[in-house]
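Report on the structure given below.
Naming follows writing order (A, B, C and D), and every chain is counted from residue 1.
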């Protein structure tokens, strides 16, 4: 079973040289730590920056330079700044190669819910609805099961949706899964030490799995 | 050139009235019109509808307007980090309309570009789509969203000249240029106000035609919401 | 009867301090010469410039700095440059206070034709259709009658239209006229030495004229 | 950063094929991709559809492509100043679609912003409206116009870096940024190509994400179409 850093590490392996990538808040943010050295990747922050660099050194924080998580960050040589309309313009026109974001639930149709829990204070969808509706390539980083052991990979989402039929790939603490065109999850890889049977039990949506599913390579 | 300079924030917002709709630039606390917000608190204008990506924090940004009960409705994409906001929302004192961040930006831009409506896929199939027209283009569904109307847009720039030209600094640009284009009356506060000719015409982000009033703000606090740093030995992006 | 410069001079009197103005090619361009000293006016050129200055001095021409008529020009202190989309964005959103352009024909409904003559090589409408469809305040500078003495202020345009019901004011070599909301031209001023009767004869569209119409003041 | 540099115009346009649709930046002869046009003439690619505000003059700009009969169709707002163009048009060799200048710019922008269609009042009630959907918003009629598709966009900037970031100079900006956003493959030629970090992130007009290939052009002629000057004693705007 993977921890948050393990999920981030596995997702990092999906990144290709030359990608423009948008990382959501939470586990997706950690992915930046596992991008292989020498690979040329540009991180987009939807508040208006291409080429997001690491956190500033202590004392070098610039209040005018933050990411979409409102954290102080830095630019890199070759960075560019733009307004919010252009930022979502490049997202909608699919100039961003890969979007990585978290989810509370994903359905076997590729629907995603990640912004609202009825009865709880709703903070808003931020840029998530734009990202899921527009991105050509989305990877969801999420917990496969909640603390009660209930699956969050469902036949149908129970929470209010963020987007419909948009998710194609999911990485959880248990597995890597694709969402099939006709519906249903396909088990691609299992986390170290996790059995196919356990993944089956932990997935309430339709799951297609070969008898022999390879274990993730995290290196 | 046409001189748009006014003396200060109080003069700039003099005719904002109870019940007006305002756009306020900024992302979180980054690039917010601090001086205009302070002047609005002083003036006490109430029943405001505020279009702004966020709602500030308890004691800063739009949070100051919330604390003094001047806001009737917020139109935002994300409103966390604000206990007073939550209290007013749950008690029914405050109306909130949540819309996707890109839709918010593009509806402002649409107003500035004279386009009455735009199409976006954001929110298709979700509760955001309720009551809205959906239209299919090239096999993909889009929502029709209308341009935003605002009586006033309050924006914050780094530099400006008295002709109203604005230059923004780093990610404090965010929603400011698109809101500047969208206000019926646009008020810009700047950290440094210069004379026409001191800004390079090629570097101007918002041409003066969009700005009706401009003044040099003072005592910018520029509060940081999430101070994240690394030590000199760290190579990681995030701790 | 006015010459081209006279028409330009009369139109200049319609400009108010603080106006952003777009000047079309031909007579409208001449209007810039008659803007009173000390009046603060900003000229927009739809290829992407606010604050158009005079022609450059000989030897100071910059091929990167032209107006919509492709003439070399200069900027002024406070000028700004932008792309074509923003340029027409500010035109559509009515940030330009006054548009002055030429016409081949105007109808009593306020329709305008100024881009195409059937049977002749068509060069295109350029920005004219955008300008007439969007501007809140348009003044047409045109000849009242053609060389054969035929009126160009018509009940209906005979040439392909540039825009419909958009023209409110016309300045010709003979007169200043408004287009009435319900249709019809209203004679406001006559050119020096031109009689109301001659203007009536020269206007084939419906014309409303008081018995006593004041002569233009060109000073 | 991602390196977008290619050696020259010939390499940049290597895969432009007969029948492709190209966008070409520039207004008149100002800000046109001179090197790419020359390379296209050398390559001889034909049956091109060119989306460009103008069509050049007889012996320069797109006029060079017309002279060598490489253009099947022009989509422009204004096409004067070109005798060969006129000849081909009248003889039926060349198709021409004339559209309003603002519509042209906004249809490019729409592609770059992922908006499948936009609404504009330009052309309502004219022959431009034929066959198009008209829709009334707030009492005013608008035409629905579709985003432009182009296989390649060829743009010219003043400075660029190898990450594809572009800065334009003066009014040579014109259609270049909106076309840069709209090309499936965008090729930028620049007068000066620098390393990432040499351009101020706040001054970049076109972020590198929109640019697929970039090279430093050479021997820019920058021909002036209408050389208008005044004498030192003149105060008039126009002679």
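Rule of thumb we're sticking to: contacts are C-beta pairs under 8 Å (C-beta built on N, C-alpha and C of every residue); 3 or more make two chains touch, one makes a residue touch a chain.
Worth saying up front: this structure is predicted, and the values here are computed from it rather than measured.
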Exercise. Work out the mean Cα position per chain and let me know which chain is farthest from chain D.
Key: A
Exercise. Return the chain pair with more inter-chain C-beta contacts, choosing between C-D and A-D.
Key: C-D
Quiz item: CA centre of chain A versus CA centre of chain B: separation in Å?
Solution: 28
Quiz prompt | chain A and chain D, separation of their C-alpha mean positions in angstrom | solution = 37
Exercise. Just give me the whole-number Å value for how far the CA centre of chain B lies from that of chain D.
Key: 33
Quiz prompt | Multi-chain contact sites of chain A, meaning residues that touch two or more partners | solution = 49, 75, 81-82, 85, 88-89, 91-92, 134
Exercise. Any chance you could list the residues of chain D touching two or more other chains?
Key: 106, 113-115, 120-121, 168-170, 173, 201-202
Quiz item: Between which chains is there touch?
Solution: A-B, A-D, B-C, B-D, C-D
Quiz item: What residues of chain B sit close enough to touch chain A in their complex?
Solution: 27-31, 53, 76-80, 86, 89-90, 98-106, 108-109, 120-128, 158, 168-178, 205, 222-232, 234-239
Practice problem: Mind listing the chain A positions that touch chain D in their complex? | Solution: 18, 20, 40-42, 44, 49-51, 75-82, 85-86, 88-96, 134
Practice problem: Under the touch definition given earlier, write down the residues of chain B that touch chain C in their complex. | Solution: 1-3, 111-115, 161-163, 165, 181, 195-198, 201-202, 204, 207-210
Exercise. Name, in rising order, each residue of chain C that touches chain D in their complex.
Key: 29-30, 32-33, 45-49, 54-73, 75, 81-85, 87-89, 91-92, 111, 121-130, 133-134, 160-165
Exercise. Sort out for me which residues of chain D touch chain B in the complex.
Key: 106, 113-121, 137-138, 140, 142, 146, 167-170, 173, 201-203
